[in-house]
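Some structures to go through are shown next.
In the two complexes below, chain A is the common chain; its partner is chain B in one and chain C in the other.
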Partner chain A sequence: MEQAFFLADAELQEALAGLSAQADVWVPASDARKPGLVRFRRFQPGLTVRLDARSLVSAKEVLFPRSETLLRFTKEKDLSVPAGHRIHLDDARTVRPVVVFGCRPCDARGFLTFDPVFTKGPYRDPYYSERREKTTFVSLVCRDADAACFCSAVGSGPADPEGSDAQLIPVDGGYVLRPVTERGAALLEPIGRTAAPEQIREAQDVLDQVGRETVGEGSLTTLAEAFRARFQDPAFWHAHIDKCLSCGLCTFVCPTCYCFTITDEARGLNGERIRSWDACMFPHFTLEASGHNPRPSKVERYRNRVGHKFSYFPARYGQVACCGCGRCVRHCPVSVDIRAVVRDLPAQEEAHA
Partner chain B sequence: MDTLHAHLEALFDDLELVIGWETGYEPLRPTPAFLRSREDLSRLVWNPLCAPNLSVYLPGILKDAKETGKKIGVCLKGCDSRSLGALVQEGFVERERLYVVGLPCPGTVDPEALAEARKSSAPVTHVSFRDGLLAITSRDGTEEIELERVLARRCRRCRHPNPLHADVILGDPVPPRRTEPSFSDVDAVEAMSLEERRAYWEEELSRCLRCYACRNACPLCVCRDRCLAESRTPKWTTQRDGVRDKFLFHMIHALHLAGRCTECGECERVCPVGIPVALFKEKMARIALELWDYQAGTDPAATPPLQTFDPSETGI
Partner chain C sequence: MPKVVTNDNPYLPHMGTIREIIQETPNIKTFRIVLDDPEEMAAFRFEPGQVGQLSVFGVGESTFVINSPPTRREYLQFSVMKTGEVTRALHRLSEGDPIGVRAPLGNSFPVDELKGKDILFVGGGIGMAPLRTLLLTMADRREEFGDITVIYGARSPQDLCYRYEFDEWKAAGVNLILTVDREFPGWEERVGFVPTVLAEEAPSPFNRVAITCGPPIMIKFVLAGLKELGYEDDQILTTLERRMKCGIGLCGRCNIGDTYVCVDGPVFSNTQLRRMVSEL
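Coming up: the complex of A and B.
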């Protein structure tokens, strides 16, 4: 570790307040009324920051809001044109710099699934891309994996720096802040003091130790082919998915699910075109104008969720679309376990007869 | 537990499948199980962590089931059995196609309360339950926690822990925690001033993701893929993220459960952001009780009050 800074526990609020002067700073924080409920919230002084707890919903909404205005429109009556009115469009927007502070490595890595889809083209998404370019991720080296976590099984791990601009490493009395990218270094410099050699040594030990940990069994990254072979095996999908309720929870808490719908929400002559989260677990997602639905039940819908993440996406972009954060497993009302489904893909047919 | 296995094994030849619970990815999370062979039965578990209400699956599974003449076995807690009752009342489930195993219920665990009560946060390797105590084992050792301390809200107000409408009851009846209907949580919200109440719900509902888990987990939300919350024609709600639309959805959801909600609390249990959405429906249940002396799902022969019209009714 060449360059590193130290931030004492007691200085955290002050440091976050400092960062907030130039950027929107998002941190895991709990609600006053519900101490157990940790979500990413925009920092303001006095907020109960919870670096010790895993956030319930991912940091996805920071760059990909649940509902965002793409443009505003107004209709103006004008009888000189055939339509009888003119439409004025306004897509002006300001993009503030964003810092996501204290997310876990999986949260930062989740955006690596968004990036190729939204920023690389052929259809570059300006809304996401502009925000993404101005976002810095500071992730916490993770020491409290629970039974739902499986980041190592998707090629990541609890100390993974990929997708992060800087790492927070818990040490005695605070954190050592280690820059990963230049952007990370620029962000950290003003908020920490240079770490002492023994703090750097302690941080390196933590990094090494956590880096050796394996969270989640086996590897789920090479099952694209097995999925295709399983595609038409109703017994397999029923065995795993009969219990699914076909709600949108797993996709909404997921840091890598990026599907959306676009709707016009108008009142009178004014309105907005809105992009909001949608999900392959919903019936309307594939409902065709004729009334036909090619994914008529939860079985086809969940199969798509698995296929998209572990087969179609890897085939197109060379990586699985899952960061192993475990949220879909942890919060599913009926504990559907995507790991178990994916792991069983290549298993013997008889097991599900 | 042994009784449950033995009982179902003896009957299995006459059953198409058995719906129960099995250990999930961690012993803390039993998950619904659809057991289709005799060997599968050994996976069944039953303890205070078996939270999901299995009656939610019945209309769908009966619709898809082949006509083999065999029955579908299902394990139901007290509150689950009331949901079954309501489904039978409304004609969504043919009772005679089911074999209902009623399990007197000691109450279920609120996972958040349990996480707070535990000293260790390490993954759980084993769970057992005896004499009102949960023994929870992880690499940090075994902790004993009183069930009463970590009980789900729905169970604190439960008057029907002993299943209704069952073919067989396995286990000794348990004394209900309440003998009279309890609406103290609704009272607490109603005691707020109008402004406080508005602020309360605005804050709670601002967290709603519109994931619709509350709707899909509800055994009585029978519209399934035809819900107006997602309908664009006609358009009832917009896709905006504000409290307005969320509130509208929840009000409609609650009103559609008026005189139908069986107070199983699943909507609230499954909400990932901890919104006490069952309170809306409890309010409806209270009105049904006060107005018609009616408790949904307790009498399969009764006609739900909003599905009939009686000109002699007064006060409505």
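Coming up: the complex of A and C.
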């Protein structure tokens, strides 16, 4: 560890306030009314910052809001034509620098699924890309993986720096801040003191120890072919998904799910075109005006979700579209476990037959 | 007021004006649209088969093929069947109304690969729209292609689109075979479903490519009929439709396995269709 800073627990609020002068700082936080509900909120002094707790929803909404305006339109009377009108379009937007502070490595890595889709093309999404370019991720080395976590099974791990600009490493009395990228270094320099050699040693020990941990069994990254072979096996999909409620929770808490819808809302002469989170698990997602639906039941919809993450996305972008955060497993109301489904893809014995 | 363009934003439509509306059938209208910025209109380039998203602001967007050919660029033509929310709103528009256009999107017919070949178009109902752009491209470059045969069917004579230009197609050397599902007073062309007429006509697959579009049930039997006639998979092209929102490969709606109809299609060969997961 060449360069590192130390941030004492007692100085956390002050440091976040300092960062907030130049950027919107998003932290996991809870409020007094719902202390158990931890989610990412924009920092303001006095906010109950909860670096100790895993957030219910990932930091996805920081770069990909649940709902955002793509453009505004105004109808104006056109005096040159009888009964005519014109439409004035405006897609102006301002993008503030953003810091995501204290997310887990899985959350930061989740954006590596967004990046090739939204920033590379064939079409670049300017809303996501502009925010992405101004965002710095400081992730917390994770020491409290639970039974639902499986980051190691998708090629990541609880100390994974990939996708993060800096790492927070818990040590005695506070955190050692370790820059991963130049952007991370530039962010940290003003807020921490240079760490003492023993603090650096302790942090390195934590990194080494957590880095050796395996979270989740086996590997779920090489099952694209097995998925194709299972595609036309309705019994397999029914066995795994008949209990699904099609509630879509798995997609909303997922750091890598990026399906969206676009809708218009107008009042009088003004209106907005709005992008909102949508979910491939909803029946109407692919329902066509004719009544035809290419994914008519939850079998086809869940198969598409599994296929997208572990077969289609790897075919297109060379990586699985899953960061192993375990939220879909942890929060599913009927305990659908995507790990079990994916692990069973290549199984020869038909447990469900 | 000028349009505010802050950068290259693929979600931002070009503004256009509806120059002409043609009532094709009781539930299909054709819109001829000119982009408001003359420079944009002059610079607009597309290939046959590419699509566009039409915007009715306050209602939404939907995807339609540009069915005018790139060889005729005085307007962009789209045919719209009244089916859902956006198409209903489009049908309420009048000539002179503003409309948003995001185009061109998607891939196109491989026109260069079709040069020197005989062509068979097999269309049903509104499915004639994507075929029209290629048909007229070929009509305007007639000497580059061999025989052009069109089998076009609809439920009734009044459900056939583009009736007013059938004579122009024939004058361009197109062998036009029309059919409707059952007998109608005054109808003197063929009677019968499109796949049946295809089997009766039996155009030879030798040096020929078949291009088909229509309702799914028609496509299913046309593909079977073409196979029966000896057409290989790579001699058959079709265009697919899916519900779309973004049209640019992001929103996750129109995929068939790892293929996105919006950016990889809408034009596919039967060889490509057979490689896809079966989720049509």
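As a working rule, the second predicted complex is superposed on the first by the 347 of 353 C-alpha atoms of A that agree within 3 Å, B and C clash if a C-alpha of one lies under 4 Å from a C-alpha of the other, contacts with A are read in each partner's own complex, and residues count from 1 in each chain.
Methods note: a residue touches a chain if its C-beta (ideal position, glycine included) is under 8 Å from a C-beta of that chain, and two chains touch if they have at least 3 such contacts.
Here the structure is a predicted model, which is why all the values come from computation and not from measurement.
Superposition of the two structures on chain A shows chain C fitting alongside chain B with no clash.
Touch criterion met: A:Leu89 reaches chain C, while chain B stays clear of it. Look at A:Asp144: by the touch rule set out above, it reaches chain B but stays clear of chain C. Legend: residue contacts after superposition of the two complexes on their common chain; A:Leu245 is shown touching chain B, with no touch to chain C. When the two structures are aligned on the shared chain, A:Thr261 is found in touch with chain B and with chain C. Once chain A of one complex is fitted onto chain A of the other, the partner contacts of A:Arg212 are absent, as it touches neither chain B nor chain C.
In the superposed model, the vertex angle chain B-chain A-chain C (Cα centres) comes to 90 degrees (nearest 10).
Of the two partner chains placed around the shared chain by superposition, chain B is the only one that A:Ser335 touches, whereas chain C remains out of contact.
Following the chain A superposition, chain B and chain C show a smallest Cα-Cα distance of 6 angstrom.
On chain A, the surface touched by chain B in one complex and the surface touched by chain C in the other have residues 261, 263, 265 in common. For chain B in complex with chain A, the residues that touch the partner chain are 24-26, 28-34, 52, 56-57, 61, 112, 115-116, 121, 123-124, 203, 207, 209-213, 215-217, 224-225, 230, 232, 238-241, 266, 269-270, 272-274. Listing the residues of chain A that touch chain C in their complex gives 70-71, 73, 75-76, 81, 83-93, 117-118, 122-126, 228, 231-232, 258-266, 271, 273, 278, 280, 285-290, 292, 294-295, 300, 304, 307-308, 311-313, 315-316. Taken in their complex, chain A has these residues touching chain B: 31, 33-37, 39, 56-57, 65-67, 144-148, 238-239, 242-243, 245-249, 251-253, 261, 263, 265, 274, 276-277, 279, 282-284, 329, 331, 333-337, 339-340. Listed in rising order, the residues of chain C touching chain A in the complex are 1, 3-13, 15, 57-61, 83-85, 87, 96-98, 100, 216, 241-243, 245-246, 248-258, 263, 277-280.
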